[in-house]
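Here come two complexes built around chain A, the first alongside chain B, the second alongside chain C.
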Partner chain A sequence: MREKILYVLGALAVVILVWNINTIVPLPAERNQGVVFKIIFFHVPLAISAMLASGVALIASVMFLITKNFEYDALAVSVTEVGLALLAGNLVTGSIWGRQAWGIWWAWDARLTSALVCWLLYAGYLMLRNAIEEPTQRATFAAVFSIFAFIDVPIVIFSIKWWRTQHPQPVFWGGGSFPADWLPHFLWNMLAIALVAALMVDVRLRQEESQRELDSLRRMAHAI
Partner chain B sequence: MSFARQVLVVALKDLRAELRTKEAINASFAFALVVLLLFSFAFDPEAETTREISGGLLWIVFAFAGTLVLNRSFARELPNDCLDALVAAPISGAALFLGKAFANFVLVMAMELVSLPVFCIFNNVGTPVSKQLGPILLVMMLGTWGLTVIGTIFSALTVNIRLREVMLPMLTYPILVPALMGAMLITKGLVLGHPLSGDLVTWLKMLMGFDLIYTAVSLVLVETVLVG
Partner chain C sequence: MITRLPLLFSQITVEDLQREAQRLQHDYTFLSYGLTAAWVITVIYVLMMVGRQRKLKQEIANLKAMLEEKSPSARAR
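Showing the complex of A and B:
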């Protein structure tokens, strides 16, 4: 059953993405920025999905510490890995846009810097996991680190925002403007990217589950 | 034993052990000197522009050298299974954590207080620093407390894992970004002769907030880290 849902969701994501690209391509270019502006249809959903992922990682980590159920640990690591990939996508698309709009690949602007710091934070989470062998300790320490990292995200974002800002005012929740008839395109792409993310999390989750099953079988074989 | 007394006992034990061996504090100060020396090749230490970056440089030295002290904090307890004994002792994890954090704070501050004059002499910023010594010391204490809290809890987190010495800075520096950034900006402003007001106070409040939040979170989570 779960596999079938997975296939259906995957097919749905592909259909929506293809359809989206077909509808986004004929849209007129933005007056000042030209065609590269359309990267926003991918750039922003990637960022939002990555933020959602860090939220889910926090909830899963807290739930693991409360229940000690390894399902939550598997969810935390899956969602963190996918979130890290999404954030990397966000940084790369932003960098491409920056090359066109600002003429440089990277600027030490508030949002870029905080995105990079968040990326490094969660990369640390995965490195910490890699360094610990024992499953219970790994899950516990990783959960503790995830909580620390999540608390840091708003502090990083606000402090770096005070430090400097060069990023265009955010289109959503921040004074930028976005044509109303473009909003549906944006929302559809948001849905598609969120679907892809959920799909990747699920695939990764199954890997974690199989891994745990393998480990327990191996232990049993040793015991015999 | 009251909570405060438990904290004091752990802190004094750590300080006594460190004063007898001096392994962490010596290594940390020697490292700070080496970094200060290397800076002199990276840019002209006599130029006027040095003043503008001195706040940042100073905190890079403190963060790097401080990590050496923090790395030892829990690793010191590994031989003879001292860590197990400490965890089994009839004190709460929070008391153990606070005691160790205070001891680390004293050690890192000691390293910083010795490095600061050397830094001033090497980079010719003695006069501006001595004029603003009070505010600079305040920033040093707040920044160092942030460094110590994060460093101590992560020292407990990494004590038993592979690549301990590498993992601690890898994990702590990204978390410390807001604190280090605030401390750097305030120190820079002070060295440039600005009074501690306006923007600098905002940064100081951010630094205090960082310290408070992470002290609270660490106290809540330390039991989980130590006992599981």
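Showing the complex of A and C:
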């Protein structure tokens, strides 16, 4: 049943993405930036999904430390890994957009730097997990690390409010503006990317289940 | 010359038009770079997951086979 739901959700995400790209292409070019502005339909949903993933990782990590239930640890690592891939997509699309809009690939401003630090912190989280063999110790250290890493997330989100940055103000809750008739296309893309992310988290969760099975088989093999 | 008349009246030169066309072309190129990058990252990540899944399945199957071989009932046979 779970697999059928997965396939249906995956097919739905692909249908939404393909249909939505077809509706985005004929939209008029933005007045100042031209058609390159349409990167926003991927750049922002990737960022929002990545930030949501880090929020879920925080909750799962706290829950693991409270309950010591390894399901929460599995959820934390799954969402962190998927969030890292989404944030990588956000950083790369942002850099390409910046090259055309500002004439530079990268600027060491507060938003871009804090987002890169966020990516490095969560990459560090995964490296830390790989470095520790003992499962309970690994999950505990990783949960504590994840809670500390989350401190960077509000800095990424509010950096454009707190400091003057090369990155523009947010289009939805700041000085920017977003055409009202573009909003449905944006929301559809947001939904499709969130669906893809949820699917990847589910697949990753299954891998964690397999990993636990493998660990127990290894223990049995050692015992014999 | 006749085709250039409207441009002369609106004070737009052919160079202006060429520059605008070039800018538009650049915009489309970078838009396609952005979309391609987003898809490539997703595909790479999915391929990494598929590879990991295959490795996990293989390791579990190997260990199960080894445990069955080593189990007392198997040895008694």
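In the analysis below, the second predicted complex is superposed on the first by the 211 of 224 C-alpha atoms of A that agree within 3 Å, B and C clash if a C-alpha of one lies under 4 Å from a C-alpha of the other, contacts with A are read in each partner's own complex, and residues count from 1 in each chain.
Quick note on the criterion: a residue touches a chain if its C-beta (ideal position, glycine included) is under 8 Å from a C-beta of that chain, and two chains touch if they have at least 3 such contacts.
This one's a predicted model, so the numbers in the text were calculated from it and none came from an experiment.
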Exercise for review: May I ask you to decide whether A:Ala115 touches chain B, chain C, both, or neither, giving the answer as first, second, both or neither?
Suggested key: neither
Practice item. Check the residue A:Ile96 against both partner chains and state whether it touches chain B (first), chain C (second), both, or neither. Key: second
Review point. In the superposed arrangement, does A:Met220 touch chain B (first), chain C (second), both or neither?
Key: second
Check your understanding: Between chain B (first) and chain C (second), which, if any, makes contact with A:Ile147: first, second, both or neither?
Key -> first
Practice item. Would you check which partner chain A:Val156 touches, where first means chain B only, second means chain C only, and both and neither mean what they say? Key: first
Practice item. Considering only the touch criterion stated at the top, classify A:Val77 as touching first (chain B), second (chain C), both, or neither. Key: neither
Check your understanding: So, does A:Gln137 touch the first partner chain B, the second partner chain C, both, or neither?
Key -> first
**Study point:** Sites on chain C touched by chain A in the complex
**Key:** 23-24, 26-28, 30-31, 33-35, 37-38, 41-42, 45-46, 49, 52-53, 56-57, 59-60, 63-64, 66-67, 70-71
Review point. Within the complex, which stretch of chain A touches chain C?
Key: 29, 33-36, 38-39, 42-43, 46, 82, 85, 88-89, 92-93, 96-97, 99-100, 196, 200, 203-204, 207, 210-211, 213-214, 217-218, 220-221, 224
Check your understanding: Can you list the residues on chain A that touch chain B in the complex?
Key -> 65, 117, 120-121, 124, 127-128, 131-133, 136-137, 140-141, 144-145, 147-149, 151-152, 155-156, 158-160, 162-163
Study note, to complete from the structure: Within the complex, chain A is touched by chain B residues 150, 153, 157-158, 160-163, 167, 170-171, 174-175, 177-178, 181-182, 185, 202-203, 206, 209-210, 213-214, 217, 221, 224-225, 228
